[in-house]
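Same chain, two partners: chain A is paired with chain B first, then with chain C.
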Partner chain A sequence: MKSNLKTRLIPILLYRDGLIVKSRQFKLFQTVGNPFAQVARYNKWDLDELIYLNISKNKNFFYDSDIQTTSSIGSGIEILPKKKIDVYEFVKLLSKNCFMPLTYGGGIDSVEIARKILKSGADKICINSHAFKDNKFITDCAKEFGSQAVIVSIDCKKKLDKNIVFIEGGKLDTGMDILEWIQKAEALGAGEILVNSIDNDGVGRGFDENLCKLSIEKTNIPVIICGGAGQAEHFYDIYKKFKPHAMSAANIFQFTENSYQNIKTELKKNKLNIR
Partner chain B sequence: MRWCKKCVYPEVAVDFTFDDQGVCSGCLSKSDTKNIDWDKEWKDLVNLVEKYKSKDSSNYDCIIPVSGGKDSYFQTYIVKEKLKLNPLLVTYNGHNYLDIALENLKNMREIFGCDHYFFTPSRDVIIKMNRLGFKLTGDMNWHNHAGIVTVPIIVAAKFKIPLIIWGEHTLDINGKNFLSEKIEFTKRERDESFLRGYKMKDFIEKTEKLTRKDLQWLQYPSDDEIKEVGVRGIYLGNYLKWDGNHNFEIAKKFGFKTPLKPFQRTYRIASNLDDRYENGVHDYLKYVKFGYGRATDHASRDIRLGKLTRKEGIEMVKKYDHVISEDLYHWLEYVKMSEKDFWEHCDTLRDKRVWRKENDVWVKDNIWDEWKKNAP
Partner chain C sequence: MKNIGLVNYEFGNTQSLCNALDALNCNFVLCSTPESLEKCSHIILPGVGSFNSTMSSLKKLNLINSLNNNVLTKKVFFLGICVGFQIIFSEGFEFKNSKGLGWIKGNCTKIDNVKNKDIRLPHTGWNEVEFPKGSKLFKNIDKDKSFYFIHSFCINNVSIDKDILLSYSTYGNDFVSSVQKDNIYGVQFHPEKSQKNGLQLLKNFINLNKNEK
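Up next, the complex of A and B:
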């Protein structure tokens, strides 16, 4: 549904095997750096929210201080663990150093894990593949933590004019049309839907309008649109047309100094109802 | 160990990623530039700088951070002669200038008729920073990288000159970014990539007894100061085709000179003259840590530019990467350190993914042996 509230602007950080990366179409991953350094910058930039997604190759959560030898080893955070830590310790550290509402996603495939992630300091969880494979998981999470704490993330790809849902980091074609899955996820108790276009991901040529239109107009819960923002105008265009609850992006916020506030200022100058 | 299928970078090279075909992010980023419409980029740049021209000539139009090398000549030439701006040149002098490089710098500001802010920290402090940099970060030139990305921003904030025009976006060498993303200078990139996560306070410690007062030049302006002036650092390399060899030709036309003696660790003669250790012992430390050196950097760039074949590149790596250069002894004398101490500390820096000990000698896999792995 269209939003009658102020639209939120939400940066996403992608964590992959110990480092923050940028992604292009879920295929190419370029190193950004230390898992906490950009969080420290975002703290200064007064974000509405932050979504932190673990997209590691490693099935198990992976953090090892050794990998930091190739990158930064201390920026933005006072103590970077010098040992291997598990995902809960990691989220604890992250939330301690994150002064904005934090959503954590990636590898959450049981209520137990979700509970521990939230207990470690995340404000919301973001679920994807497992929710698709076991629909009851959405309902269980919503019952346990409340819908407001559950974001269902959906990645899709164009196939002959249809938007098909892909899971497992874009690797597995489910054959299901996005509309079907979005409406199902809503009925099962999702609080918000994060819709990402694999084709537009990291390309910077703008959002997929058709996908935005579909997902915003056919649901009654907030939709966070994602995938393709390369400049402030892209947010402007999509806002003007569909007025989404939230617009998000990963790469663009890392290109220039003070990017988040500059983009917001630009949008507000054009009288958009942005938070 | 894997190496890029197209250039000669190893998998462990700092900040690189490889795609499924075994091609490094640097080569991918470079091939992405084929789609760039350079005429349009140039027009964008002209429009962009127009906004920053001082309307009443009450201030400089921009800052160019320069070392006086071939790329500095090229930057100044473009900014002054082509964009017709009135720049203030800014240099951090890390006490490592070769005589010829200092002459080049002086000639450059004179031939282009520019004002020049030449900042020199105290010699005692820099000797201490050399020692500490080596011990703490494994890089005696840490202060140099830090100074280069701090002093121009301090000057921008103090003189209230918003636009800083950097040269090459070096981060496309490792493919961290695509040129089309129009990356600009950010504090995070400074802290993480140039300062490698170390901060001023790491250097205020017991052994060298440096204090905050000694390190004023490391004090990055606050976010508020940056915002107030609107400081913004753009990269020329995002707006025009960047080729070090081409820049060298331009620089020569304006009197740029190269040293009579070639470098011991690379075949290129005109790169990194501003710092006596940059192609020497500083770079050797990269080899100690990650198993590759400047010849790998230069050969990879020249392969991407079509100036070398991969086979020729591998020859350069084989010839130069392992060489211990004589400036090591200059440096040891400069900081009063014994050679034994130097090598002992070096061994603590070696990356375990690269080096292993065989019969008490450090060995690693080499690119010229890569065929062995694929052999039946």
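Up next, the complex of A and C:
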């Protein structure tokens, strides 16, 4: 059996109260830019895909006070909102120049909200805490929009030799082993799983290899791994060992100019099957 | 005079297609009624969802006869995308058997992944598109030739007439990634989500001209 399907390299943008932020082990948040300028920059980078996660306290509205002051010069995006806008308008603006798959997550807790977000131009929704609390939500979304539009995002932390699922932005310990939840989420209708290591988040010491290995072994759907990439070798290492279906990261793509293309060039030089 | 019609129904990712056509500076109309399709020179049918629900939704809007008439009789240029491509074939087997538009002979079946854990469904991501014969649809497309796919069902290579095969792709087995039969075009991937290559393909479709051979 052969396949020419490429492993995707997916930047994640974290949005918090009007700005794009960087996080470290889900705790420290540093501001790195405005939400539209970052997307505009990313559009130029010819990404494989983009995941946009809203981690604000109030997830329903977007404030633009900071957006104007740091407006994107020469970014290719003309539309900057001048007033408070709702999440649907926000997704519509995001998708405007986004000719790649766009995933939106954060605060999606009903089929109706999911529907409107997809109608606004997102291709997939990313669900996490609400899916854990109400398992049927995954099935409802998969039935309505198809599994391909449903990414179940799972955050976990190491406890002894187990990876335990945390929800509510890493604040609430569920006590459940990630492998149990991954398999359940797949059975409930998830189309992809985004596995994020809280311990490795923003640390830049590489992906959690064991977590990656187990996640791929225990599922039959595509796995996106996240957490810990700090340099090109980290992508290379994990690809060589386990060939995840997608590798994602936030900080590394935001702090280093041209990092996305540079990393891809590096990986292609080493004959990895990426785009 | 060109009139691009974008079929707007329950199951399409209409907004993404609107964004792509806007970026190409292309004027288009959203079509949800048989009347609106009558004026079109080009029809684009986006698709996200299942074979069966897509057909039902088009039936509900009373668009089937109008699509048949415009595409088969009036020979309007047609581009089907993803499920919008799958339903131009005879029959689909997603959830339950259902008849497609039947413009092209062929069946839509689940991607075979029984024997291999590496062939995961949905087939999600960028895959290579091999176009063995040149087509106006692929004019000026980059040599890397990757497009974005997301689907679990496909048109099997073996089930179709080789004359209409524009390209195939490989995921476990080879499957049909695009076809052309006269004025009818269809692609399994999502050009509206395939960056530069995808926009170029949409541009090539819009530029098709009846008076040119």
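As a convention for this text, the second predicted complex is superposed on the first by the 254 of 275 C-alpha atoms of A that agree within 3 Å, B and C clash if a C-alpha of one lies under 4 Å from a C-alpha of the other, contacts with A are read in each partner's own complex, and residues count from 1 in each chain.
Keep this in mind: a contact is a pair of C-beta atoms (placed from the backbone, for glycine too) under 8 Å apart; a residue touches a chain by one contact, two chains touch by 3 or more.
Because the structure is a prediction, the values reported are computed rather than measured.
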Touched partner set for A:V32, first chain B, second chain C, both or neither: first
Which of chain B and chain C A:S153 touches, first, second, both or neither: neither
Touching partner for A:S129 - first (chain B), second (chain C), both, neither: neither
Partner chain in contact with A:N97 - chain B first, chain C second, else both or neither: second
Partner chain in contact with A:R41 - chain B first, chain C second, else both or neither: first
Contacts on chain A seen with chain B and repeated with chain C across the two complexes: none
In the complex with chain B, residue positions of chain A that touch it: 21-22, 27-34, 37-38, 40-41, 44, 66, 68-76, 204, 230, 251, 254-258
In the complex with chain C, residue positions of chain A that touch it: 1-8, 46-49, 92, 95-101, 118-121, 123, 145-149, 191-192, 219-222, 245-246, 275
Contacting residues of chain B [partner chain A, same complex]: 12, 14-17, 19-20, 25, 28-29, 174-177, 180-188, 191-193, 195-199, 202, 223, 226-227, 231-233, 289-290, 351-352
Complex interface listing, chain C residues touching chain A: 13-16, 19-20, 22-23, 48-50, 115-128, 144, 146, 148-152, 169-173, 190, 192-196, 198-199
